[in-house]
């Protein structure tokens, strides 16, 4: 494996792109551009996961967020009639900036103040197998509950958006 | 079974049949076709379609002929079951041709009536959507009329090698060829 | 509660890959469902009926090629029969047989084009079209051998046919009819008939009920697909159709699939007719000479022919002069379009394209 | 030297650099050169990665060009015509001519189009196709990125393509393009589920998501996974042909319906990129099938003699031919039939397949019987199950079209049933039957 210099360089590049894209999401004039930058931020975050050698989570991040959520957002924008496609400048811009500056300050203070238990870097270990076992052995119950919840939500969505077929409407 | 041949019902027989139930409808009848009164044309057509003997359920075709003194709207109505054809003519005035539309009786007439209106200018009252079929709406005049001159100055295009014009007709006003005289 | 979506107006044509020529269909759609269809025709209107009034009866024959340019032979035949009926011209036996052979060859060529274009509209990526065109080329070669032209044949004359067939025509026709086309039709049938995807795309699409078919004066494959066995060659036989025996295919459900299968079956019946005509083709003159500036007696005549698109009728009014007083054509393509609205409303755009393909219109004949 | 090469059919792949059967020797030699020349540590890493990408990109570039020619020739032959043979010998230069033509064509952009999105879309559509190949093992130790989550990486890349196609269609601001992109999104999202489920069955058997492990599993057990998992192969093949927008599911750019679909407004090299991206994605999917189902670089002992990566390319073109074949013959589904096909047919079958495979794997792990006995048994079971499942599914779910025979009935005379005229004739005659929907 390469020594630490490569990892640090990769980390800084990736986090820089992620932050810039996140800012662009807020600042983009056109909503569709905003969604594109959102997808780019997700890919950036996936890159950071790889740097932290969480490879399964990184790939799933790209699959779920960049793939599905990006498309979901575009659909949401497309299907809301009348939503003008521009980030209209609202009156709340000033207070929003102040609030976000405050939140940023808190995060930076916490990051600098606490002592992180920094462990030394192990070799790049494959996490997929251990994740799988974790799902099915210690955390089997929450895993099942989550899947049932998801199924219920999906069925709910289908029922809500189903057009009544003609015969029912006629009856 | 013997090879069927489409029979053209003689005009007189059809006229008798129509007069049996609608006396004023028929103007006159020759062996080829029946001429209907424009006023009663719709009821007569309805009768032709619903009568068992005539059984005119299939409108073969509909067109118009400009007879200079009048405009004839010619209908060919057929019965597929009994395999016979009836030819019916409805005369209309030449300047303001006005004929009741048969689209409520046969849907097939919908586009053909629009074509006749477009090219000959016959107005079909009762037609659901009487607009021009081929030409654009602001086209001046109706091309298929005899007096619709293709060239300015009354000169008729074509047929130069078969002198058909009466001497002295080149240019100047248009003298129609009255049908039947063969001149 | 359905998602509210506003109506969108989409122009299908006149510049569209599958409207078989300059035919424009304005569809008002909600999502993918068609709410209303408005037809715009007239892009190819050459006012042939006005032009015909200026030309002699013989000079009008080329017009009939250019009307339904995919079935020129049947166009010529229809017009020539009506003038012969008007002028009372007797056509020699050999000409009648030749006319039947060429009418049926033209039916095969036109149906090949119709089936190929229909499958192409269903989405098969050009393969069936190429197969159908390959067979159609063979038929057109025969036309070229006889009258020099492939599409606008101008082959029929009042009183017979323009030229007698050259010697190598019959062996070429025999090779085509007996050992080439049957195999090709078999191949085509294996690819298409009963093909699940085509069944899914074409069954229950563009349905016409028998009552509507008769009332909307449909003809040809349209009326036969609705379950009505009506064919001018059987009902009002012209040429030698009363001396040859053949069958007419009739559909069940009046949908696009029935029309396609009917066309393929008709092509096979045409082979049967041509075989019988070839076997008893009499010798003798191929034409009765008729004066070039024929002057039929004053009067009118309506005669009709079973063209591949439907019942092609010619209503000719003569005033004794050498030019027809009035020359009207019954356009099967235009009249078959009367029910386009009833067939496509409520279906998706993809179905509308398939339905239009199955009606098999020829814009030259629609606009005249 | 040649003697050694010839004399070593049985010997394992030698590791000196000129032995092209395993290109990793070559890259290893170059890296050693840099090492000896005293280059810094990270340089060898970077150069190694660069060499790998160079190999893959040149492969994909060459294949994209050659495939245009192959596809047009093969489809041409199917349509009993010759296909391109004018430009260059046997038309080989035709794709090059196309590429040059596309490059010098002016790239038009509609005024109302959205500039950024309009240019980003084709690039974003091509990149995942190429990135897919990084994970594919070309030889015993010839793989650019030996990811432990290889299969999930493949899914991630194909889902990125969905977003790119959609914004392309949306960006060009044209009604037909919008139709195309809406259809593409509906199709891609629907067909990702059967793809993921079908490959799950394979992963369960192979025991690991690393593609090299899957190939080694097939090598050790002396069989292709297609024999063990025919249903998974069928489902994967059909759903990936839907994902690639190839007939019978080329809804997105259905010429006859919405003339051109999402790339209708593109011209010049942007359209060229879309056109190449389609071919690249097709090759990428063929490589996945070749690796996962047909045993990647392993081929019953032959891979010692013939280089592994040649075997993989051979398998790619075998699968690619089948794609061209279906494209040449089958007509197109309608969008609702296609989606119904995915939900009502593919997904349930994939789930049943996974349950069966889970049972078999557990049986294999618990009992510990030797593979030699169990695997042929499994092959038989899975084959029979596939056949039974397909037949049963067709019987249960198939639309009832058979109520009418496929051929018309024949009459020798005219026969017109006497029918009452429809009651009232408005512009839309009530006689017209309501469109009975063909439910799938």
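Letters A, B, C and D mark the chains in the order given here, with residues in each chain numbered from 1 onward.
The rule is simple: a residue touches a chain if its C-beta (ideal position, glycine included) is under 8 Å from a C-beta of that chain, and two chains touch if they have at least 3 such contacts.
Quick caveat: nothing in here was measured; it's all calculated off a predicted structure.
Participant: By mean C-alpha position, what chain is farthest away from chain D?
Facilitator: B
Participant: Counting C-beta pairs in contact, which comes out ahead: C-D or A-D?
Facilitator: Answer by contact count: C-D.
Participant: Could you state the distance in Å from the CA-based centre of chain A to that of chain B?
Facilitator: Each chain reduced to its C-alpha mean, chain A and chain B end up 74 Å apart.
Participant: From the C-alpha centre of chain A to that of chain D, how far is it in Å?
Facilitator: 28
Participant: Return the distance between the CA-based centres of chain C and chain D, expressed in whole Å.
Facilitator: The separation of the two C-alpha centroids amounts to 42 Å.
Participant: Go ahead and note the Å separation of the Cα centroids belonging to chain B and chain C.
Facilitator: The computed centroid separation for chain B versus chain C comes out at 25 Å.
Participant: Would you mind listing the residues of chain D that make contact with two or more other chains?
Facilitator: 413-414, 416, 419, 421-422, 425, 427, 429
Participant: Return the residues of chain B touching two or more other chains; collapse runs of consecutive numbers into ranges.
Facilitator: Each of 4, 57, 80, 83, 106-107, 110 in chain B touches at least two other chains.
Participant: Mind pulling the chain A residues that touch 2 or more other chains?
Facilitator: none
Participant: Mind listing the chain B positions that touch chain D in their complex?
Facilitator: Chain B reaches chain D through residues 1, 4, 49-50, 55, 57, 80-81, 83, 103-107, 110, 128-129.
Participant: Sort out for me which residues of chain C touch chain D in the complex.
Facilitator: So the residues of chain C touching chain D come out as 8, 10, 16-18, 32, 119-127, 130-131, 134, 191, 193-195, 197-201, 203-205, 207-212, 214-216, 224, 227-231, 234-235, 245-254, 258, 261-262, 265, 339, 341-343, 345-351, 353.
Participant: Hey, which residues of chain D end up touching chain C in the complex?
Facilitator: Within the complex, chain D contacts chain C at residues 75, 78-81, 175, 247-248, 250, 254-259, 327-337, 399, 401, 404-417, 419-422, 425, 427-429, 431-438, 440.
Participant: Contact residues on chain D for chain A in the complex?
Facilitator: By the definition above, chain D touches chain A via 41-42, 45, 114, 116-117, 120, 147-149, 152-153, 155-157, 159-160, 162-163, 166-167, 170-171, 182, 185, 189, 192, 208-209.
Participant: Note which residues of chain A are touching chain D in the complex, please.
Facilitator: Contact set of chain A toward chain D: 2-3, 5-6, 30, 32-33, 36, 39, 55-56, 59-60, 62-63, 66-68, 70-71, 74-75, 78, 126-129.
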